[in-house]
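Here come two complexes built around subunit A, the first alongside subunit B, the second alongside subunit C.
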Partner chain A sequence: MNSKKRNRSDMFWGYLMVAPTILGLLILNIYPFIETFIRSLSKTKAFGKYEFQGLMNYQEMFTSEEFWKATWNSIWFCVLTVPVGIFLALLLAVLLNAKIAGRGIFRTIYFLPMVVAPAAVAMVWKWMFNAEFGIINSIFGTEIRWLTDPKIVLITCAVVSIWSSVGYDAILLLSGIQNISPYYYEAASLDGAGKVKQFFCITVPMVSPTLFVVIIMRLMASLRVYDLIYMMVDQANPALTDAQSLMYLFYRESFIAGNKGYGSAIVIWTVFLIAIVTALQFIGQKKWVNYEV
Partner chain B sequence: MKDSLQKPNIPVYIALSVGGILMLFPFVWMILTAFKTNAEAMQIPPVIFPSEWKIDSFLQAMESLPFPKLYLNTALMIFFRILCAVVFSSMAGYAFAKIEFPLKKVLFGIVLLQMMLPSQIFIIPQYQMLAKLGMTETIFGLVFPGLVSAFGTFFLRQIYLGIPDEIGEAAQLDGCNRWKTFVSVMLPLTWSGIAALSVFTAVFAYGDLMWPLIVNTDVNMMTLSSGLSTLNGQFVTNFPVLMAGSVLAMLPMLILYMIFQRQFIEGVAMTGGK
Partner chain C sequence: MKKQVKRILSAVALGGMLLTAAGCGSSNGSADGVVNLTFQIWDVGQKPGMQAMCDAYTEKNPNVKIQVQVAGWNEYWTKLEAAAIGNKLPDIFWMHTNEILKYADNGMLEDVSDLIETDKFSEISLQNAQGSDGKLYGVPKDKDVICLVYNADLFDQAGVAYPDDSWTWDDLISASQQIYDATGKYGYMAYADEQLGYWNFVYQNGGYILNEDKTKAGFDQPATQQAMEFYIGLQDYDWCPDQAYFGEQAPGTAFLSGQGAMYFEGTWNLLPMLQNNPELNGKLQVAALPAAPDPVSGDGRATISNGLCYAMSANNKNEEIVKDVLKFFGSEEAQRIQGESGAAIPAYEGLEETWASAFEGYDIDVSGVAAMFDYSVQSVNNASRPEWKSKVSDQLLKIYSDQVSLEQGLANMQSIIDEASAG
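This part shows the complex of A and B:
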């Protein structure tokens, strides 16, 4: 085959093979992305129609107390879940990396919440955290209103969120840890460095590229948390506004109140927030992520 | 190696066991509660084991939710999402990795852009499109946002990039065209990637709540996740029924996990970071 003919044939096959995916993405994602943006600048009318009106939705949003509370809740939820969750996941990854019998079983157990739908996970935790009959108050002899106390409800949700994700994050970190050469540890042992020192001076820096990816992923997931809080804190809960995340508010405004323009503004705001947090992480990574090895 | 000769590490065992109990306890408690009567479940101080293992709560949960249909809907949704993700993403992943054509970078940029945006930004227009097609309350509706997979394309492209060019070129010298090279030579080399993508797609489709809740409001067309959330509103204080429903909802995935746990964990570790 001469090369010109071959290039033509390559072009044909190339386009043909990416066509379903690209067309699908254009219709299902790129167009909706643009439409959501336009919708956020529009008034919602009947039958899915909308009319351009400028920044009214944003104006309404930025003067709404419920909106700011939801923004704060989403950020607070990140603060509650990400540092503790990542630390526990890293610790767990190190433990799972120890050469012990039965670590396959432990791996299976810690990963378990991942394969159970968040809806079912939330259901059992809701029962365990029940203020009157829940097992948690019974064990500790407390009378804490875990799910209805405005100050506590989001902490409760954060606990469940960490419980669900720690095994998954640990598995990702574990594959990073397994790539660290054992010679580093041997050298450190010879120099008299203890396990704790080895953890901070070898494991953490060496696994930092994976750690960075896991942190970004966890931050993004936490900023757009929805299903867990939706299941744990129903819409009749008196502490709803104290637990409602941005995506929960988005769901209620768009699909229960039917105000899709306002809902679109909320989702655009959330993307903006995620972009800022991610950008900060990418700037911050230069200080601690180690790509040398 | 020296490591394997180490004596059993007691502190590690203790730490992992304590954590393991914390991970397992909610599941144990879910199952124990499901077999209790409501009065027994609400007893103070709590009883751990049901005095009699009753299946009434399971029957009640199955009466209020059409579980056979929920199983079927969920299975069909997962099946078609996997099928679409694997077929279209394999084709696109191969083309992006191995074929040179104009505008390739721009088109791949679309894939990356979709991956960076949170899925909620697409939901309202996707729902409107589906409503216009008159396809709400259908299996197609459940599959709709998963007809193509940007992540799958990105992921399989990585896998194809890892296969040496020489393999495909040899097939082409033997007279295979691009399609034949792809189907009979390259595709079979990516099974582990396809398995990982399938697990990833299944786990996330199964857990997804917002989309099924929006598009299919008829209880007969719901998935296990969205069905369970309606049970939540129906039996606010009858915890044995809620627990029985949760057990029924998580059972199929749990069984699959027990059989294919290696593939599950490796699959998620491979696709990790999304």
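This part shows the complex of A and C:
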């Protein structure tokens, strides 16, 4: 009897302690999510008024060519950025872990893009990729239309995205690598394993939990890409529809065309897409992520 | 027990503090009888002119202080809409033809019909400030037209005569060709823009974008189609950069770096261009738009004219005072202050020369601009414009990049506008 009472009082204090966070979540995350869902089922009228209309927005969305193009662009952007980006980050992490002179300076340099405002990054790269006056075309003597050729524009954006995220991912992976006991490497080199073999047989499996987290984060970020493409690809760019990601489409529908209901439907679709990809990864991780140290 | 209560209270208080978002109340009215009004605009270049007008009002009415606030064009509308939803609109704000119908038709704006002498404003200026019901929801502020801006240096180098009123589309092409041949620089830079681009050509050729009652688009009209074909076709000439080029730098940028000799510019940008780029002084000149050589109807002349207005919200607790301020803003005195600051051409008839006087320090002749208002056409607009604007521009880009044919693209534009306008 007494213990039960005590238990209840503990629970009360527990809830009270988490209340600010829970309330914050409810008001700032859960409620807007529900609101977004309701909006996606409504027709938007001017000045925040809306009217329930069922699945019309979804019907319009799924029959829109533009929408499927944007979905494909988002997925293609992930394919372009995630594998290459993660591989480079891992490689970089291993190199930054090596005992070389000026290691701290290199770590700082690679981390720097993370500290710079994304808009500034995009502005500078945009100038470098400029087809007429850009430094990249003038160094290589090419005439590639990096930002206006429909086939190339997303690759260009992917390069910039990888450049700005690789340092951050590498630092995360580095922290994972530093937790690996040096004895493994010692034993492996005594058995005659080379550096490459050590990388694939010791580093990769041992860092896999961190790698898993980094991959999930990077995939989500790539599926939601907006600011970079918005800055790099102008509204007057003829390659716009070939670079437009789901979030870019969402922005244009909700805030330029003022159709917030349709925009909400795009957001719900994106959440759904991210949920599927993440669920697949959690299923797949059993095959390759190693939690035993 | 007491302790516990105290702890609970402090926890609740803390939670409350964390959740209370910073309020953003408007601050009108204070103890000493002074009324503080807010005045929201989007162009930082016009701030001094607007401030001068407000100061002139405060001088006469010392108990009214007006604070001019600037938000950039892009966030302006996001901000204004949020303020409208929250019933916290600024006391006075600029209104644009793109948006006025949306605000007026939804009851956000106060009817200001009886504040101005309507005979002092042109028909277009008044139309630009009207709601769908024909009442005035803004006090006309300024008016503008699109003009042909050219680089006199490049014309001299190529030995081509400067553009004048007699120019037609054919002259535009031949001059461009000659400049390109002689200097290697681009001639007329035609790019994907409505107000600064194809609209002008369409109306010159006797076509239209929206019909009289603004319910249907005109992309199925031969005159419109002909003009669109001509305008988009310009990018196939060697002397015109293609749309991919403009995807990376605006024509204005290309013009001031001396890459191109001509482009269309709004009168509102002329003074800032000269102020920000002193090296253009003497090179940058303006002329009337070239006319259609053989229009389907009309005399081949047209230029798109737009104008802003000053608006106030439908429910303002200082309604009478704000109305008095707006009345002043629409008076000859305030419009003159605006013109002399060079901010924009006053909407008030007969004050065009006050704006021209702001160019006195520069080697440019803008005296021809006033005459362009005689054949100007009101900027295209209807209530569903925000809905179709970006979709139509997407179609235009697709035509430019050969993703759809001209016929198909124009047909798409037609149905986009027709469907949106049907509600």
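The rule is simple: the second predicted complex is superposed on the first by the 273 of 293 C-alpha atoms of A that agree within 3 Å, B and C clash if a C-alpha of one lies under 4 Å from a C-alpha of the other, contacts with A are read in each partner's own complex, and residues count from 1 in each chain.
What we mean here is this: contacts are C-beta pairs under 8 Å (C-beta built on N, C-alpha and C of every residue); 3 or more make two chains touch, one makes a residue touch a chain.
As the structure is a prediction and not an experimental result, all values here were calculated from the model.
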- prompt: Touch check for A:250: first (subunit B), second (subunit C), both, or neither?
  reply: first
- prompt: Looking at subunit A, does subunit C or subunit B touch more of its residues?
  reply: B
Task: State whether A:130 touches subunit B only (first), subunit C only (second), both chains, or neither.
output: both
Message: Quick check on the superposed pair: does A:283 touch subunit B, subunit C, both, or neither? Answer first, second, both or neither.
response: neither
- request: May I ask you to decide whether A:182 touches subunit B, subunit C, both, or neither, giving the answer as first, second, both or neither?
  value: first
- prompt: Just subunit B (first), just subunit C (second), both, or neither: which does A:190 touch?
  reply: neither
Field: Partner chain in contact with A:217 - subunit B first, subunit C second, else both or neither
entry: first
- prompt: What is the contact status of A:259 with respect to subunit B (first) and subunit C (second): first, second, both, or neither?
  reply: second
- request: Tell me which partner A:20 touches in the superposition: subunit B (first), subunit C (second), both or neither.
  value: both
Task: Go through subunit A and flag every residue that touches subunit B in one model and subunit C in the other.
output: 17, 20, 24, 27, 48, 130, 132, 234, 255
Parts of subunit A lying in touch with subunit C, wherever the complex brings them together: 16-17, 19-20, 23-24, 27, 46-48, 66, 126, 130-132, 145, 147-150, 233-241, 252, 255-259
Footprint of subunit B on subunit A - complex, ascending: 7, 9-11, 13-15, 17-18, 20-22, 24-33, 35-36, 39, 48, 92, 95-96, 98-101, 103, 106-121, 123-125, 127-128, 130, 132-133, 135, 138, 163, 167-168, 171-172, 174-175, 182, 186, 213-214, 217, 220, 224, 226-227, 230-231, 234, 247, 250-251, 254-255, 260, 263-264, 267-268, 270-271, 274
Residues of subunit C touching subunit A in the complex: 8, 11, 14-15, 18-19, 78, 81, 84-85, 102, 105-106, 108, 191-193, 243-250, 386-387, 389-391, 393-394, 397-398, 400-401, 403
Residues of subunit B defined as touching subunit A within the complex: 1-4, 6, 8-9, 12-13, 15-16, 19-20, 22-24, 26-27, 29-30, 33, 41-46, 88-89, 91-92, 94-96, 99-102, 104, 107, 110-111, 113-114, 117-118, 120-129, 131-132, 144-145, 147-150, 153, 177-179, 182, 203, 206-207, 209-210, 214, 224-226, 228-229, 232-233, 239, 242-243, 245-246, 249-250, 253-254, 256-257, 261, 264-265, 268-269, 272-274
